[in-house]
Structures are given as C-alpha cells and as structure tokens.
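Each of the two complexes below includes chain A, the first together with chain B, the second together with chain C.
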Partner chain A sequence: MRPILLSGHERSLNQIKFNRDGDLIFSVAKDKIVCAWWSANGERLGTYTGHQGAIWTVDVSPNTILLATGSADNTVRLWNVKTGECVKVWDFPTAVKRVEFTPDGSRLLAVTEKRMGFLGTIAVLDIAYGEDLTSQADEPSLRITCEESKATVAGWSFMGKYIIAGHEDGSVSQYDGKTGEQLENVQAHEFDHQINDLQFSTDRTYFITASKDKSAKLMSARNLAILKTYVADTPLNSATITPKKDYVILGGGQAAMDVTTTSARQGKFEARFYHKVFEDEIGRVRGHFGPLNTVHVHPNGTAYASGGEDGYVRVHHFDKSYFDFMYEVEREQMRR
Partner chain B sequence: MSKLGNRADWADDEEFDDPSALPAQQITTNKDGTKTVVSYRFNDDGKKVRVTRRIKTTVVREHVNPQVAERRSWSKFGLEKGHAPGPSFDTTSVGENIAFRPSINWKVQAAEEEKNGGEKGGMKDQLKDKKVKCRICSGEHFTARCPFKDTMAPVDDSAGGAGLEGGDEEPAAGGLGAGTSSYVPPHLRKGAAAGGERMAGKYEKDDLATLRVTNVSELAEEAELRDLFERFGRVTRVFLARDRETQRAKGFAFISFADRDDAARACDKMDGFGYRHLILRVEFAKRTT
Partner chain C sequence: MAPSFDTLTEQDLHEEEEEEIDFSDLKEQYEVKIEEGLDTFVVIDGLPVVPEDSRQKLIKFLLRKLNTVGHTSEDAVFMPINDKNMSEGFAFVEYETPEQAVAAVKQLHGVPLDKKHTLAVNKLMDIDRYGREGRIDEEYKPPTIEPFKEKEHLRSWLGDANARDQFALYRNDKVGVFWNNKNNPPENVVDRAHWTQLFVQWSPKGTYLASVHPQGVQLWGGPAFSKQKQFPHPFVQLVEFSPGESYLTTWSARPIQVEEGHPVLTYEEDGKNIIIWDIVTGKPLRSFVSHDLTAGPGAEGDAQPKKKVQWPAFKWSADEKYVARMLQNQSISIYELPRMNLLGKTSVKIDGVMDFEWSPATVNREGVKQYEQLLCFWTPEIGSNPARVALMSVPSKEIVRTRNLFNVSDVKLHWQSQGTYVCVKVDRHSKSKKSMATNLEIFRVREKGVPVEVVDSLKDTVINFAWEPNGGRFVLITNGEAPSGAAVLPKTSVSFFAPEKKGVSAGNFKLVRTIEKKTSNAIYWSPKGRFVVVATVHSQTSFDIDFWDMDFEGEKPEGEKDLAANLQLMKTVEHYGVTDIDWDPTGRYVVSSASVWTHSMENGYNIHTFAGQTLAEHPTDKFKQFIWRPRPATLLSKEEQKQVRKNLREYSKEFDEEDKYAVDIANTAVVETRKRVLNEWVAWIRREKEFLAEDKDAFGVPEDVDSAKQARDAPAVSDDQGETVVEEIVEEIIEENEEVIG
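On to the complex of A and B.
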C-alpha cells in the first residue's frame, strides 16, 4: 500500500478523526489550526482557524455538520464543518484534553485538565442542530469532577448510556451518562501509568485503551471487564479497533524526551497490528520519524490514518493482503 | 482578371487561411466503441501540433452516500480558500510503497528479510562457496603463504594486469633495469616474462614514443599542443591533465607519437620552447613503478 502523506501541520499531531462516512479526516496538532482532508486522495478541504493554543482534541458530529475541538487555550470551539466558521466558544478554567460527541450527536463531552487549583472535570454540553448553529447552550448540562485522579481521555458508550473515562493513574471508570454518577472504577493498567487513548468499537459495546505501561486493553463498556490485553515493547499513545477485520492498531514509540532517561533506544515508530481475538502481533507499518501520537481507522475498515510527533499524517488504504489474512481456525470456520 | 476584380482586396479574402487558425477538432467513433479525437494546438515553440487521442469510455456505476456526494461539492475554505480543486503539492504527497502482509510469525519473517537484504549477509553469502587459491602454485592457501613464493612465478598472471590497463604512465617490461632496485615485482622475475609483457598491453609501443611536457600554461588547449607537435610527425594521442573541477590545465601533458624517431626529434626541438609565456620542458615519459 502506498500511504498518502499529509503535511498540513507544522508541529506534532495530537488527534486524527475520520467522520462517520469516512470521506473526511480531521487532524489537530500543537499548531493552532485544524485541518480537514478528503480521505480518498489526501486533498485538503480547508482549515479552521481561531484557536490561540495547541489543539489537543477533535471530534466531528455523526452527521458531519459540526466539529468540536478542545485546546490548550482553555476553550472548546464548535465549527461549521462546511464553511470553516467558528459557531460557538465555551470557556473553561483549564485546558481541554478530549472532546467526544454522543453516538447521536446530541451531546458533547469535554475533559478538562487538572491545573491551577482546578480539579479535572468531564463537562457535558448539549448540542443543537437548528437553522442557526450558533444558538447553543452556554452552560454544561452535566459536570463530573474527578477527585482522585484526573481523567485524560473519555468517551461515550453505546447509546450514550455511560461515559467511560481513562485516568492518569491507569484506572478506567464508568459514569452514568445522564446523572454523572460513578458506577465503577477498575485499575486496568499499571498504577501511575497514564491512559493516553480510549477508542470504541463500531457498536460502542467495548473499547480499547492505550497506556504508557506498554500495553493496550480491550474492555467491555458494560462492566469494564478486561477482555484482551495486547502487550507492546514501547509506551503506547493510541489504539484503535478496526472494523471489517478483527485487528487492533496500536501506535506509540519512545518519546524523544525520554530516550536519554530510559534504556530503550530511540525508534520503534511503527504502527503495530495485533489480532483482536488472538492477541498476536501480526505486522507493523513503519514510516513515521517520531512516535505515533494518534491512530484512527476508517469506519468501513478500509483505511487508517496515523499522526506522529514528526508532524505528518499518513493515510494508508489497505490492500488485498490485509483483507486476505486469516488464521487457520478462521479459514476452517469459513469453509464450514 | 475578372476573377480578381471581384475581390475588393486579397487581404479581405475570407477563404484565405489564417496561419494562426487551428483546424477544428475531429471526433470519429471506432468500431470497437472507442473514440478517436484529433485536435490541434500550438506547442511552446509556436509550432502547430496534432494531438490524437483514443478514448475508451467505461461506465463504472458506484453507489455513493448522498451526504458524501453532497460534500464532494463543497468549496475549500480557510487556508485552502480559492485553491484549485485537487490535492495541492505542498500539503499532500504520496509516500513510498509499504509492503504490509499480516502473518502470525511476522517477526521471524522480518528478521529473515533483514538478513537477506542486509549488505553484510549478502556479501557473506557470495563468498560462502569461494575457495582460497594460491596464485603461484594453485594450492589451497593464500598467495602470501605459498612455500614457493620466492622461487616460483605465478602460474597465470592475466587477472592481475587487466585492472591496470589504460593508465597513462603504464609500467612496461624492460623499462625497469634489474640493477636500479633490489625489489623486482613478481611479473618481472625470471621465467615470468610472458606475464609481464602481456600486462603492458597495447600501450607499450606508445609509451616508447611518448613525451612528457611540463611547465604547460594553465590556459593550454589540446588542439594547440597537437598543432605544436604535429610538425615533427604523426601524433597519436595528446593528453592534457586538467583539474577536475575548474577544467584548467594542470601544467603537464603527454604527447604520443606514432614513431619514436619523431618523438626524439620533437623532444630535442621543443624542450625550452616558449609557449604562452612559459618555457616548455619536454622529455621522454618515464615509467613510474
């Protein structure tokens, strides 16, 4: 496969998202712009400018009308996807590390940083898709405060029933999506190893976490049971579950700033493919010059995009060998 | 004359071909369903060019989500505002092809590939079946370790000479007196005369009639030197050493004559000759060892 290199950012990538139809890719980086790309050919549709600081996170509404971004300038901005205009700005006391729409797009969660005496919170904002996109509620409809360990990532489970959050201390917790009450907390990863990414499967019944403790875990959204564990040899920044084929893609790499403080040599900047069920590593895709900060897969499972510390987005459209690969047991089952 | 009289002015003649006009495009439909389009245009040199294109139309029916189709018509915004449709070269490029073949034991395969592709492994493989062979006695040891090293000449010397051919100051057999140096190269030793002769090759004769000219001006040209020396006889070769980068003469040249007598005469006459404000020094080319 021939990757498409997108070089619209001047600094390291923070998050990449495909929209639900998979025709657009949104990327955010430490520079202050958001880029929208056509996934098929890598053409840039446009940029969304207005943020004053590094942008940590991006998400697009399921109907691809609104785009939400969270930034180090302590704001969440809502954009009109089509025109690139900013339609709403919410101010927060601290930086926003993660935003995500509910599966129906009616609500948006924002994870805020713990800093300057403020505790980390998860705020839920109601989103309206009226004629006038600028008329949005000013105040969050729900606010969850993380007293113990701040949340680093969060997402909505199936039908927006739960909010699943990954914490700085390596634990994963489940909150009620309506009331914000904490239902469960599981120490999924090693203690004090931050969870860097949390991405759901297509039906949002299970999700994958990527942690600094060099492992990724597949967990059930209903009861936070650990279903599978994928062990890597490097800290992981991102993980995603591929539809169509039962794989997971992990992205990571030794951060340049840690190279001198760890025994690991610099490198391993590859996207790792594991089989979702058998937990075996089945291949790697190299190409980045720095750690992979984010990976996201096309909703149809035909392509994936990775963004690295090197400032490049690489979009890979899978070729035949990717789809043909099967374990012997899978093949036997096919024959039956 | 009457015909001409009808026209008011020949310049107004509408039938007159305007040289800048291009013939109309022709489209013909071929039997196999393809179309041939013949069009004319001017190329960069202002010449008229006929362009023939054969077009085969294939209808590919594709089901597209209407929302996606609607989005395809969106115009660009932000930094891309006003840019032409299609990927722009400063933001989008295509990377190197990546062979991605998932497999259960990919680690083993990757290690093997690295081994095969690596330079070290390749060289080792090449030399795996090579046997050590002495050039003197063809025994299975290095030539330097040969017990007959001092007493015998190499069995076959042709391999050694090939690489040196073409040099300007080729050493030749007999050029080096046995008395001048205590060291005698193996190919000049007794009983190895044949090998030595072969090594000098076709330049041997040339070298006997080659003059070495020094103190040549920087601005010298081969042609000028040839003219200077041609009057003594047929010059077979003029070599003017030049600086690799500046292409200026380095200050010395070699002139080969067809006949050694001519060369001797030229050497006699041209030594001390003033050329481009410098006094040439001419001598027979010495063989370097």
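On to the complex of A and C.
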C-alpha cells in the first residue's frame, strides 16, 4: 500500500473530505487555504483562497457543487467547487469548528466555538442550488445553544432527522434535526475527555466518535446506544468507518504539546485499523511524523486519506490483501 | 472500596461506601480529660513509711532521684502524714512541665529506691481515672474466652491446580492481584482502588501483602485478600519483613508522636522512628530512634557526608533469632528475639565499622559443632591500621576469621544464598589515588579454617556483582573508562565466573568469559540458578535484556572443559525504557517493566520465558509496580525432588497435552464469541434497516431521500457506473542529449 504524499499545506491539517463520488479530496489546514486534489493520483486541482484564519473544517455537498468551510476568522464560507469562487460568507461571533451538509445537501450545520462570553452553538443554514449560487439565506434557520458543555463536533443522521453532537465533556447528544430540541444525552466517553471527531456510516444509522480518552465508540444514531468500543493506547483525534469492509480507522497520537524529545516510536503517530464488529486491532499504517488530526475514507471504501500535524496528507489506495482479509467466522457466514 | 486505616473494623471491607463509624465505645475507653495544671503532678508510691521527723530527710533523698528526669523542689513534694504521725508511704510531686512528669513516669517507675523499696510512679490523672470508684470492678471476673474462629487459609494460592504464580500489580491508584496465565491475559483475583498509598510489598514467603498508608501498615492475606493485621505506625515510609515472616520492621522519617490513649502505641514509642512488630500479636516489640538522623559530624572532620537512610536498619539472621543494627563507625548491636534484649547486654564495639551482613542461611562450618549464626563486617583503614574484613560468630561474638586489606576505598559484602561463600568486593585505589581497581576476596565459609581465595585483581571497577542462588558461580559487571560527554553511556563488560571442576568440592574460581562493549548494568539470576539475565536498566538509550544459560546442553568449547559451566547466550530482547526485571519464584518467567516512578514513557510490563521468548506485552497507563508473590521453600525432600527431575519428561508430556487442550478450548471459545458477536451485529443492522424504511414511510419521503440526486441541479450520477477508470498521461524524459552546434 504505497501512499501518495500530498504536500500542499504549510501547516498542520485539520480536516480532509472525499466527495460523494470519491474522485476529489478537499483538505483544510491552519494555513488559511483549502486544497482540492484528484484522489486517484494526488494531483492538485486547485485552491480556494479567502479565509483570514486557520480553517478548522470542510465539507462538500453531496452533488459536489458547493463546498463549505469553517474558520477561525469567525466565518463560514460557501464556494463554487468548479470555479473556486466564494459564493457566500456567513459571519459568526466566534470561530467555526465544524460544518456538515445533510445527506440530501439541503441544509448545512455549523458548530461555533464558545468564547468571549458567547456560548457554543450549532447553527443550521438552508442551502439553495439555484442558477445563482450566491443567493443564499442570510440567517440560520435554526440555532441550538449548548448550555452545559460546548459542542466540538456534530453531524446529521439518516434523513437529517437528528443532529448528533459530541461535546467537550465527553458526552454525545442527539437533537431533533427540525426543532433543535435535545432528545438525548449520553456520557459516552470518560468525563472531561473531549470528543475530537464524529463520522457516520454510509447509511448514517450509526456513527463513530474519537476521544481524548484513548477510545473510539460506535454508537447508534437512533438511540445513542454504544454498540462497540475500540481501545487505543493514545489520545484519538479522528475515526472513520470503512464501507465495503467492516473496519474502522482511528488516528491520533500524543498531543503535539506533549511531544517533547520523544522519538516517532514514542508518539504513536500511526493510523490504526480495527475490525468494526470484533473490536480487534488488525493493523497499523505508519508514515506521519506528527499526530494524525484527521482521517477520512473513500465513499467506495477503496482508499483512505490521513492528515497530520506534520502538514502532510497521505492518500492510501487499499491493496488486494485489504479486501481479502476476513475472519474465519465471516468467511463461514459468506458461504451460507 | 478504599481500604484505609479509617475503616478500622473488618466488616467495612465489604461495604461499598464508608459509613459513619460509631466511636463512642472507644471514646469512652480512651477518653482524655484535660484538667488544667494537674498533668504536671505525679504520685510516687512504694516509699518507706517514716515518722514525721525523718520526712524531710526522705524527701531530700528522694529529690536526688526525682531531679534526674526533670526539675522539682522540696516545696513541690507533698508527703501526707496520718494521725499516727507516720507517713503513708506515698507522695505527690509537682514538676515544672507536663513533659517532665511524663518523663518521670517513664523513667522512674519500677526503679528501686533501696533494697526494700521500689518506686511506683504514676500520673496523678491516671490515678484519678483508673482509681476512681467503679472504674475497676471489685470482684475478679475471669476473662471470657472468644469462641474459636477458623482462620483463613493463608497459603491457599499454593494449591492452584496448574501451579500458577500470582503477582501484584500497582498502576494508577489501583492495586490488583492476578494469576499469571502465560501468554493469555492474567486472571484477576482482586482489584482495589486506593489499596495502598506508597507501594505494596509481599512478605518473604508470600503469605501477606503489605500496604502502606500514612496511618501505618496493613497486611492482607487469604484467598480473598482480607485484612489480616494492622500496624499503626504514623507516616511509615519503609517496611521490612523478617525472613520467616514473624516480625516486621517499620520506619518513618518523622519521629512518632504518641497521643495519649492510643490503642496500640505507648509512651515507649514516643519520639522513635523504627518499630519492630510481632506480626502474630500485632504489638510492637521494641522501638528505636534511627541512627542516621542523630549521627554526629563525619568521623574524619571532612565535609559532613550526606545523611542517608540506613535501610534495612535492622538486619535479620537467617533463623530470625537475632536482629542486628549498626551504629556506623562505632558498634553493632545484636538483639535476641523474641524478647528483643541486647545480646550480652552490650553492643559489640567495632571501631569504624562501615557495613555488615548476616549469612542468609545457617551455616555448618567444618569442625564447628555448636550452633551459630555468622555475620560479616568490615572497617576501613584508620590511621596506620589496615582495613579489615571479619566474620563473627553469634551468639559467642567470637571473630572466626579476619583479613587485613590495604589501599581500600570501598568494600561490598556479598553472601552466597546458602552461606557457602562470602565475596568481599574490595575497591582499591592506587597510591596516587588516581586509578581504581577491584579485588574479589572470596571466603570459603564451609571449609576448614575459612580459606580466602583472591580472584585476580580486575583493572576496572566492578559496578555490579551477583552470586548464583544455590550455586558457586557469579556474574560481575565492570565499568571501563567513561568516554567524555555525558550523553554516551559508559561501556561496560560482563564477566562470568565459575569454579573449576575438582571432585566433590568446588575448585578455584575461574573466568569463563567476558563480554565487552556492553552497556549492561544489572544482573538478575533465576531463583533456581543456572539462568541469568543481564540487562541495561534505567537507561535512556539502551534497553537490551540478555538471557544467558550457564549449563548449555550443547557442545562445550575446548578451553572451558575444566569449568563447571557452559555459557550460552539464548536470546536478547529489547524493552523500551525498562526499569525493573523480576524472576517469578519458580524461575519460569521473567517480567521486565517500565515504571512511572522512574519515567513516564511507555509504562507497562512484558512477560518473557526464562529463555527470553516474549509471551505477552502489557502496556499499562501509570504503571508503578509489579511484584511476583514469593513462594515458601518446597516441602519435598531431596530424594523426592530428584525423583521429579528424573521423571521430568513424562510430566512435561502430560503438561504439554493439558496446554494443548486448553488452547483448543480457548480457541473454540473465541470462535464461539465471534460468531455470536457477528450474528448480533448482522441482526442489528437488519433491524436498523427496517426502522429506517419505516421512518421513511412515515415521513412520506422517497426511498432515496438521502441520495445526492435530491439536491437540486445535481448532475446525474448513475450508480451502475460503478468504478471509474481514471486515465492519466505521464510524460517521462527517457533521455536528454545536449548537442553543441557550431
């Protein structure tokens, strides 16, 4: 599995996304630019410039027409994927840590930071795909305020029915996607261990969380039941569920501020593969020389990309052995 | 449950939450009454009855005694006179301070005044408290004898069907005891949060597990590790068991302050640092002030040497009959157990004594019939007198062998585990004091006249030395010249020595082999001998652990034919950041561990076989301590042991089969769970799909609501297209030619 090394960023990566077709990769980093790459060969397609601060988050609409980014310059920007134009800017009082489109692309959520007297919020913006992409609603259609512990990550369940949010205190909550009413709150991770990532399965009925408490959990979007737990030996920054094969990929490593004189072996800067059902670790991929900040998998399950504190994006296309690997019990089930 | 001293009763062990403890009975029993002024008074009884005329004379006579412990005067002594103009035989005395009164009670009680009279000194308040009417029953009531209670089996762990060993694991705030299951995860016996405050320690035969708290030491034992004993030594820091588990020594840097009414400690213990306890009764036998803290300025007038805790402060003889303590440069005090009286009522004066060690086993010397324990000590050069190493026989206190040494800068004493040899490692400096060399002087204790063999002087200093348990071989590590620059570890050499084969008795010690250019600094012999682990611990750059076999069963090099050893390196493993290495008591497993007490990188422990094969790695967060539970000596006779060794192959066949069977069972179990887990998952997914379909129905949205096509203006994405083929044209320069035209 030879990686393709994408070195287009000058600072640490914050998020990577494949588009729904899987032919493009969008990456954002602290260096204020958004990069678009061809996933097949790692050629850079272009950049989207305009943000004034570190970009924390990126998402691409399911039809690959619009790109949304959230940044430390307190804005959410909407871009025309094809032309690279910025079609809309929403201003927020604080930094935006996470954006995500609904499965049908009609709405966008934005998680804002708690700072300077402002509480953390989740804002929902309606997105229009008219002739003129710049004609978008100015005000959010819904605003959820996180009174107790700020949300760090959030996403949409199937049909956009629920908004699932992970919090700074290690809990996960479920909000009604229409009314914003909090339906459920579960202390999924150890108390006061921030949830760093939350990614959904393809059908969005379950999701995986990655936390500072060195574990990742697979949870049901319907009732927040914890289905599986994956234990690692290092704080986790990101986790993703692979389609096609029943694996999950976790990324993390010793936090940058804790890494002092330690060698790479010490930092545990590896992508870890776990079996989704059996919770066993089945493999690791080395390469980064800083903690992994983000991992995302190709929607067809044929490749994954990881972005690290070291400023590199590594795209790995899976080998045959990846697809062939199977537990004996799984093989048995297949035969039946 | 957090087992601490606050929970004094046994039943608290089984309660999840700490309840308010009813102390009223204890309070009543040990109630302290503060009565202003009265605690400077003592009552002296047992005085002669004298007529009023001689009263003053008696008081004057008495004052001489009374003023030895504090300050009082004639006016402060009140001796009542009855109607017959005679004294009553007692007197009230007021001291200046309550401390002096306490000292008087402590030191004058039971002291003879003359041939006929013995003083009985009590505090006035005590007389008041205990002498008051009703406090003590007039009639004698025989003490009720508690019905016999079956005690827990303290050695039940030895009865494990598979002869597994236990170990204690201290990580984070939790201490657990586990069964070692080779490469399988260890099986938990108990796991308790906050079981100890400082560390845990097994007793030498594995009966008890000691936990250390600010309030004292607690011992735990039995199948469920229930509380066995408590030793309330406030702020205890160090603990040591006697070799037979009968006694316990505890030490605290802070002198003990005994409050009045303490259930266990008495005034005897006030101001002391060390207590020797009887484990069975749970009572202190005797307490001491530690020497290190009261030590005066250095003997030679140099800069005062750094004060160090002398630990173990008290060293036990092998049979626990004696315990000895050294007052550095002056004397060794030997106490007899169980009374803890000074042997022969005096300490053994040895000018300049630096260190001593008991023989770890009771030795029968050739030609010596009477019972004895041996003790080895050394003194440095004082003035023109040479340095001296001597063996003393106890209880006779006779010096049985002594040897004079010159140019000595330091000496270390190493007994072989059976007491057959004692190796005296002598660090010698050259006349100019510039270079150092080491001599090994080995006393052959069992042989007639205790001959001393000198192993050729080694040019380098020996930094570590270890005897083979129950054997005659040893390993040492020498330190070469340290290269300049502190970052590089000094290279060390590891040397293996063995006696020559010479009939029944062991011959001279000869070097088997020296391995140079190592970084090793620690030696760990298997408790059964033969195998030895040489490792680099506490290092930041080197972590190798070498497993050596001293009786390799293969071919033997020609040159080593006469030696009782065949050295072979079995394996070298690395354990990043290793700080400790422990053999299990049977010599089957070796555990290397990296403790957070030393550094915080990759803490945890690894289990290896005796041959260096790594069985399991257990990275553990905030790992602190790993200790194997020791085993008592085998009960099998020599013949039975021989029988076992003879039939080893048959046994091992049996065990191999058992192991295989266990693996099969385990594998089936794993497969079964996997099957179950997979089926559950598939069922969950199916159910979720149904829910999803229902939801979509209920909301009246089409089946493909979540697909990208719903977004307006979406380009048609056909699913059947499947994988896309990306064609890429790569231009490569095959050749480049540069032609100069002109």
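Definition applied: the second predicted complex is superposed on the first by the 328 of 336 C-alpha atoms of A that agree within 3 Å, B and C clash if a C-alpha of one lies under 4 Å from a C-alpha of the other, contacts with A are read in each partner's own complex, and residues count from 1 in each chain.
By our rule, contacts are C-beta pairs under 8 Å (C-beta built on N, C-alpha and C of every residue); 3 or more make two chains touch, one makes a residue touch a chain.
Source: prediction; values computed, not measured.
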Contacts of A:229 with chain B and chain C, given as first, second, both or neither: neither
Chain B versus chain C as contact partner of A:21, first or second or both or neither: both
Partner chain in contact with A:130 - chain B first, chain C second, else both or neither: second
Contacts of A:82 with chain B and chain C, given as first, second, both or neither: first
Touched partner set for A:285, first chain B, second chain C, both or neither: first
First (chain B), second (chain C), both or neither touched by A:185: neither
First, second, both or neither for A:145, with chain B first and chain C second: neither
Contacts on chain A seen with chain B and repeated with chain C across the two complexes: 21, 23, 41, 63-64, 327
Touching residues on chain C, where the partner in the complex is chain A: 576, 601-602, 619, 671, 674-675, 677-678, 681-682, 684-685, 688-689, 691-692, 695-696, 699, 701, 705-715, 717, 723-724, 726, 728
Residues on chain B engaged by chain A in the complex (per definition of touch): 65, 67-68, 71-72, 74, 76-81, 85-88, 90-98, 100-104, 106-107, 110
Touching residues (chain side chain A, partner chain C) in the complex: 20-21, 23, 38, 40-41, 61-65, 103-106, 128-130, 158-159, 161, 203-206, 220, 222, 227, 233, 262, 265-266, 277-278, 300, 327-330, 332-333
Complex contacts: residues of chain A adjacent to chain B: 1-8, 21, 23-24, 33, 37, 41-49, 63-64, 82-84, 247, 273, 280-287, 314, 316, 318-319, 321-322, 325, 327
